[in-house]
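By letter and in written order, the chains are A, B, C and D; residue numbering begins at 1 in each of them.
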Amino acid sequence: MSERRLADLLAMWRIRAFEEKVRDLRAEGPIVGSVHLCIGQEAIPVGACGELEPHDALFATYRGHGWALARGVPARPLFAELMGRASGVNGGRGGSAYFTAADHGFHGENSIVGAGAPIACGAALAGRFDGSHRVAVSVFGDGAMNQGAVHEAMNFAAAFSLPVVFVCENNRYSELTPIADMVRAPRLADRAAAYGIPGHRIDGNDAEAVRFHVRDALEVAREGGGPTLLECMTERLVGHYIGDAETYRRPGELERVRRREPIARLREGLLADGVPAADLDAVERRARAEMAAAAEAALAEPPADPATAREHLYA
Amino acid sequence: MRDLTYGEAVNAALHRLMEELPETLVYGEDVGVPGGVFGVTRGLRKQYGERAFDTPISESAILGSAVGAAMMGRRPIVEIMWADFSLVALDQIVNQAANVRYVSGGRLTAPLTIRTQQGNAPGACAQHSQCLEALFLHVPGLRVCMPSTPQDAYDLLVTAVHCDDPVLVVENRTLYFGRKEPVRTDGPVQPMGGARTRRAGSDVTVVTWGAMTHQVLEAAEALAREGVDAEVLETPWLNPFDTETVIESAGRTGRLAVVHEANVTGGFGAEVVARVAGAGVPLAAPPIRIGTPDVRMPAAPVLAQALVPDAARVIEEVKRLTKAGAP
Amino acid sequence: MSERRLADLLAMWRIRAFEEKVRDLRAEGPIVGSVHLCIGQEAIPVGACGELEPHDALFATYRGHGWALARGVPARPLFAELMGRASGVNGGRGGSAYFTAADHGFHGENSIVGAGAPIACGAALAGRFDGSHRVAVSVFGDGAMNQGAVHEAMNFAAAFSLPVVFVCENNRYSELTPIADMVRAPRLADRAAAYGIPGHRIDGNDAEAVRFHVRDALEVAREGGGPTLLECMTERLVGHYIGDAETYRRPGELERVRRREPIARLREGLLADGVPAADLDAVERRARAEMAAAAEAALAEPPADPATAREHLYA
Amino acid sequence: MRDLTYGEAVNAALHRLMEELPETLVYGEDVGVPGGVFGVTRGLRKQYGERAFDTPISESAILGSAVGAAMMGRRPIVEIMWADFSLVALDQIVNQAANVRYVSGGRLTAPLTIRTQQGNAPGACAQHSQCLEALFLHVPGLRVCMPSTPQDAYDLLVTAVHCDDPVLVVENRTLYFGRKEPVRTDGPVQPMGGARTRRAGSDVTVVTWGAMTHQVLEAAEALAREGVDAEVLETPWLNPFDTETVIESAGRTGRLAVVHEANVTGGFGAEVVARVAGAGVPLAAPPIRIGTPDVRMPAAPVLAQALVPDAARVIEEVKRLTKAGAP
């Protein structure tokens, strides 16, 4: 048990270390443009991805670095992607907010809010005909729940009992606006009832809770029971994007949030269970070292070649 | 050869595709059990079961799921009942389908086919009358075609579905129930692209596509009787577009008219004229564009007729063009 | 009480007589193009419109003739509109499926499924600033509930407590496809809970039931309580559009439906209450005569002038 | 005169409009309390309370409600954060807003203003980089403008909101935080339309709009140093478009280049070239179009730079144009 929790800790540290490295690289110059970090939300991808089969499909958003890492995409070509290197997972074409790594079952970020949900339905639909019976996981934020495409996707998946797990990462903000101000019924999981599918609000800062519910949803999906909506309550410890002044935070908000954040919580739990602090520190160090090495390696790789910029538009 | 209407030819192509490509799926609103509001998908549900199905009225879900299914190796053929309705979900075509191959550097592809139909028909309202091909033609990553004959309705759809990229096949509901014509349904998959010289001529080149082709051909015959020998080039493939053939013809006849049903400003006629002008083709008179003037579409047929180009207007304007002198 | 029911009967007969006349005119030629009749659904507009104030706004669909009539748009310029006469409510520009008559508080049909719902929100929003506090009524079908725009509109109205009454005419079909096959939870009214607003499934073939619930919803809306969703169960006795072969009907379906249809039911009720059959027949005759006269008058009016076809594109 | 950046000028215009037109409303995602992701709507919420507000991420509801509010006499000014996002709700612009006046014969109107911004910026992905003005310019019933200077950012928005029809004001985020320039903020509402001669010249006419204007002006100065005297016409209003001025200039210089950031095929440059060609303006060389080639937009700046036109490319292509001979 504490072995798995240690593995979770490592996986979450990898994501956090990746994101912090990205933040540095964005400040220093090698990464350019809009970047959305998932610091504070690491427990959701870590809890969810372990339950997926290789042939399952995963559709994330611009806030997708953690999902890609948890799905097994190596850090080095991810860093390379964000730095516009030829060796990036998409040769620099996708960038921070719109890369894919289908070889690893990561079917892409998406920078249009809500647009991934119908696409995930299609991946699930395909699995009904290609014999794989893959499950598709569609990840989006709380704000995306108000986008028409997500509604259509949930109904579509429900009507056809498609094996889709809708994972709503409710970090309480849509960019700079609290979701609580943009809906009248704040429990987004309850929207599942509108489609006749199960919906659960769960502790998204607890990888184990996420794992349990994702496993359950996958079971339902694989048995032909159709989609599930999981509202994972979490918080981002950083701005919506790098550069966000976070003027919308209330006094004391971040302090409260830090008490719930998944890594600190898990560390505390492990300490309480008697795992020596030194072991836990070693996990962090290991993750940081891995990410530093991956970033450095990517940094040394050649940039994308402008002469290739017009390739691959058509077959 | 089978005698088929335009609508039947689409249906025959769908049957062939379902037969020869097990990865095809056909779906959309009312396309499964009812067989389509125009009967074009008739028989597919019965014959291919779950591979042909009805959907909720959810264009984003229809198109988005087609993108996802295509990414995973299916070849979905989805219907958007009217091109006008694509506007509720254009994101899935432009921001999603068109990007898949390019952004992934070819690691992922989106071989979906979107069948739709467009244009004015008597009494149709402003929300059911638009010709929107120019919108799709401004989007790199999409392929677009507009058949006007039963044979092309068949061939272009077969080619589209075999294509490994997203293709829009823009049909026209006023053609579905037209004359039966012999259609070769057992030929090989035709290559994408190319223009059709529907009538050879030496006085003027008239480029057109879609249902307007029939108006133009009627006009050309009338013009011939008046001594004007028009070359009619139909370009059923608009992306890829056969610029060379148009330039060659315009260079030979020295005059160019482009005719489409879409509104003139920003229509694809502008692109055709710009390409010919850009190629420095010497013309004896300024090129003209004939299309629906820049106005919304009124429902009353008597009003719509004053706007949508017809053979009479083509005759008149082309005649004027052939009389016009050099710039 | 039976006076109001007699008025309802007359109002419903007017709509039905209008629609039957339209059907004839479509068959004979003066009306051209796609026409969607509301025969069988008359109780909904009749029950609802009586409760509206002149400054309230009504947004209907292509199946909107009955709503326009119930809102007080005279039949003659409606017939004229459908026949493309200059004297039509929009001079023939709207046609059967897309006309407006704002002078009568009828803010238009709409031929894009679901598109009217966000527009209605805007009319309600405007009323918050122009001092009218108008309520906006948004009418759409069962199928429209699966359209993203309707979802966005319901959440938007709920989040801002806009005075909107969403009237879903559930006639059990979306064109040729049963709504039951396109959703997993068939009680569409229950979707209201997703938005934190009240939702009721009501007998849409009973003008009185519709009236009661609309009045209640209007009260909530006018008091600042926000939107309500009313799912009005009904049936169309005719095809989706004129020309629909109705191959999707199950054996005996139309016979069953005819037993529930609003006019026959109200007639039976009134007979049972002792209203003489002759009086009821007179109501029908009166409605038919009015509509025949209106149609004839419209028929004699001059067609729209093609020379005006380019006018009114811009201010 | 006040010294304002482009973004501040937009903000100043919004403040003026809220002040002088009580029927205005300003809303969209993050535009209320946070003051906009680019700070452009700052202060409105504080000053005008409920008339400036945040919305859910629901573009159909934003645009649709703006149509409805406008029908009832308000003048909503709504923001679509990126033009790319308009594609999830284009129906409300094309099928709804554009039809209101025409279909009702002028009995209903839709005086809404849609503010958006577009274009590539370093590192932006394919879904946040498109220039989509050509889509809107193919839709009769809409007005469209693209300011490139602080003064125009101010003036065009004021004009747009005073206009009784739906107007799209397409800004550019790479300009928001540019140099401060003196802006006249107390002038009368400017008329809609018209071109700006940003540089007079006699060798070649370069027509451009949007952020590209700055690249073109830089190119023109460099060209002047090499002896090429370019006339730079900026057309911040694209609908209505000042065709006359373009034709006059092209006729005078005998050479025409159109430069826009949008993809070339189907871009509005085609329309400009087609109008000049259609007018029979005699040119000494075939007209050219400079735009982003027909490809999606890669995120890596090194790749994007190979695609998006810049001053160097304008210089090179215009130089070649001035050396080219007649057709």
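The rule we apply is simple: contacts are C-beta pairs under 8 Å (C-beta built on N, C-alpha and C of every residue); 3 or more make two chains touch, one makes a residue touch a chain.
Keep in mind the model is a prediction, meaning the values are calculated, not measured.
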{"item": "Chain whose Cα centroid lies at the greatest distance from that of subunit C", "value": "A"}
{"item": "Geometric centre distance via CA averages, subunit D-subunit C, whole Å", "value": "40"}
{"item": "Distance between chain centroids, defined by C-alpha means - subunit B, subunit D (Å)", "value": "30"}
{"item": "Centre-of-Cα separation between subunit C and subunit B, whole angstrom", "value": "36"}
{"item": "Residue list for subunit C, restricted to those that touch at least two other chains", "value": "91, 93-94, 98, 110, 112, 115, 146-149, 152, 155-156, 159, 181-183, 313"}
{"item": "Sites on subunit B at which at least two other chains make contact", "value": "55-56, 58-61, 84-85, 88-89, 91, 95, 99, 102-103, 125-127, 140-141, 294-296, 298"}
{"item": "Contact graph of the chains (line, ring, star, complete, other)", "value": "complete"}
{"item": "Contacting residues of subunit B [partner subunit C, same complex]", "value": "29-30, 33-34, 37, 54-61, 84-85, 88-89, 121-128, 293-296, 298-307"}
{"item": "Subunit B residues touching subunit A - in the complex, by the definition given at the top", "value": "23, 25, 50-51, 53, 55-56, 58-74, 76, 88-89, 91-92, 95-96, 99, 101-109, 140-141, 143, 163-165"}
{"item": "Residues of subunit D defined as touching subunit B within the complex", "value": "60, 84-85, 87-91, 94-95, 98-99, 102-103, 125-127, 130, 134-135, 137-141, 239, 262-263, 265-271, 273-274, 276-282, 285-289, 294-296, 298, 327"}
{"item": "Subunit D partner contacts - residues on subunit C that touch it in the complex", "value": "57, 59, 90-91, 93-94, 98-100, 102-103, 107-108, 110, 112, 115, 117-130, 134, 136, 148-149, 152-153, 155-156, 159-160, 311-315"}
{"item": "Interface residues, subunit A side, partner subunit C - complex", "value": "146-149, 151-152, 155-156, 158-159, 161, 181-185, 190-191, 193-197, 226"}
